[in-house]
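Please see the structure below; I have some questions.
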Amino acid sequence: MSEPDPPDLSPQQRAERTREMMFAEDTAAQHLGMQVVSIAPGQATVTMTVGKHQTNGHGICHGGYIFLLADTAFAYSCNSYNQRAVAAGASIEFLAAGQLGDELTAVAAEQHRAGRTGIYDIRVTNQSGQLIAVFRGKSATIKGQFFEEPQV
Amino acid sequence: MSEPDPPDLSPQQRAERTREMMFAEDTAAQHLGMQVVSIAPGQATVTMTVGKHQTNGHGICHGGYIFLLADTAFAYSCNSYNQRAVAAGASIEFLAAGQLGDELTAVAAEQHRAGRTGIYDIRVTNQSGQLIAVFRGKSATIKGQFFEEPQV
Amino acid sequence: MSEPDPPDLSPQQRAERTREMMFAEDTAAQHLGMQVVSIAPGQATVTMTVGKHQTNGHGICHGGYIFLLADTAFAYSCNSYNQRAVAAGASIEFLAAGQLGDELTAVAAEQHRAGRTGIYDIRVTNQSGQLIAVFRGKSATIKGQFFEEPQV
Amino acid sequence: MSEPDPPDLSPQQRAERTREMMFAEDTAAQHLGMQVVSIAPGQATVTMTVGKHQTNGHGICHGGYIFLLADTAFAYSCNSYNQRAVAAGASIEFLAAGQLGDELTAVAAEQHRAGRTGIYDIRVTNQSGQLIAVFRGKSATIKGQFFEEPQV
């Protein structure tokens, strides 16, 4: 990064700046029309509209795309400290089908963060508020920041 | 279905015909260039090449697409009896990163099938044979067949 | 059951009566000195003190007993409607060790309940409030009640 | 340790010696009458008979004890390299009930081991060969050995 170190950032400012830099590189999320509509330390909300290319052999949203949406909310929440983190693993329970055209929202909330490990719970709902899936992700921090600042 | 009921099919023939009819409707798998390269009762192998639209903010294959590949192998294996089944839930452990251009292969193997429930294990490897992820899916059968035949 | 059907019970009364009848048969929980210290529809809190017989080869509480505690809170919460339910599956993340003599508390909260399936999240903490484990259980209802009353 | 360092051990000898030293401290497994009937690098088989104290409010083996048996096979398999490892997390799917008096067997097989992380799959069956549960554990190595030898 050639730009100067930012002055002291609040945790919320750090989360917002991380989201901005992360999304600029996030071809997958952009290509699927996802939006990271809110961000805070350890929290993120991401939306996606189910398109035709996301339906499967049963004529409903492929569960893999519901996972992908939840996984994206997970990624923005666990990276919100400007300390790069990756998914070590995740589980998902599918509770109701997503339909073509549905506007899905994934809300990620941190449950635990200590050492290099974090646990995040994500709920995916549709435009009617119906619960579509619950997701739990486990993160592991790796070396690197999204923008340079003194280690927090 | 307007075509006549098939005569007695072997389990392998049933699996192959189910794959064909399922793939014809599977917009998501087609759109991602996936191929169901082998099928057998309770087993399926699916391949995918990591494209640019599948990379994430870390410059590597979005974990959600690795899930989606594994989930597709899971779907073809648990539906191979011409009895529709959906994913009730799944878990994935990410063991190594997928890179742009990687040719990934997901191999699904049935662990258990009784009543309406099945358990399937999927291993995802890259072109060098490196293990990228392990996935476990739980299926639930629903009403319906892919093509009409007497209930097995 | 020889006793007469209870008159109309409130959901809270139903949960309390179910806990009472369930605990009377629950040899495993009794034998481990567990106490179901609170109950409500879809919620339960269970405590256990880590005894010498519960330590493992590393000299700390065997993770299996932490699972067992969480699983017990899960069981009381998902059965609190006087409709028998069993665990279909569960996952646990171990976040800190339990020590000999620790007083552990598992709090179960329902996330989803529809049809025959429920999802419950359980947090296990020690006497200092430290988070020891997070657990997610998936329940399936089966035939039967703990005490006779008209189907709700 | 006061005894001299062992001379060069084969992987199988190392696994056997680790089992011996680990079991000597494993109050939980001993107290439940578990036996580690076979061991090899990355593999372990553990047996347990379901006793009265392990039944729950449904009159069947508490799922927590089935987890505990699987978790024990997991522990012996992931520690078989004489490098201490602990469970980071696990998931279990319950497929059939265990009954009072059942002789259960848990067989653990390593799926992956790299860096500090391992993945182990465990199958629990009863005396008739019926599959009772499938378990997947994720291990993390920590500092320490069961007996002193040069780092492998």
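Which chain is which? They are A, B, C and D, in the order written, and residues in each are numbered from 1.
Convention: a contact is a pair of C-beta atoms (placed from the backbone, for glycine too) under 8 Å apart; a residue touches a chain by one contact, two chains touch by 3 or more.
Since the structure is predicted, the reported quantities are computational estimates derived from the model, not experimental observations.
Undergrad: Pick same or different for copies chain A and chain B, depending on whether their interface residues overlap by over half.
TA: same
Undergrad: Using the touch rule from the top, work out which pair, B-C or B-D, shares more C-beta pairs.
TA: Of B-C and B-D, more C-beta pairs in contact link B-D.
Undergrad: Between chain B and chain C, tell me the centre distance in angstrom, where each centre is the average of that chain's C-alpha atoms.
TA: Distance between chain centres: 35 Å.
Undergrad: Using mean CA coordinates as chain centres, what's the gap between chain A and chain B in Å?
TA: The answer is 25 Å.
Undergrad: Cα centroid separation between chain B and chain D, in whole Å?
TA: 31
Undergrad: Which residues does chain A have that touch at least 2 chains other than itself?
TA: Touching at least two other chains: 88-89, 91, 93, 117, 138.
Undergrad: Per the contact definition, I'd like the list of chain D residues that touch chain A in the complex.
TA: Of all residues in chain D, those touching chain A are 88-89, 91, 117, 138.
Undergrad: Which of the residues in chain B end up touching chain A in this complex?
TA: 22-23, 25-29, 31, 52-59, 62-65, 67-69, 71-72, 75, 79, 84, 86-94
Undergrad: Chain B touches which residues of chain D in the complex?
TA: Touching chain B from chain D are residues 91, 93, 95-96, 111-112, 114, 117, 119, 121, 123, 131, 134, 136, 138.
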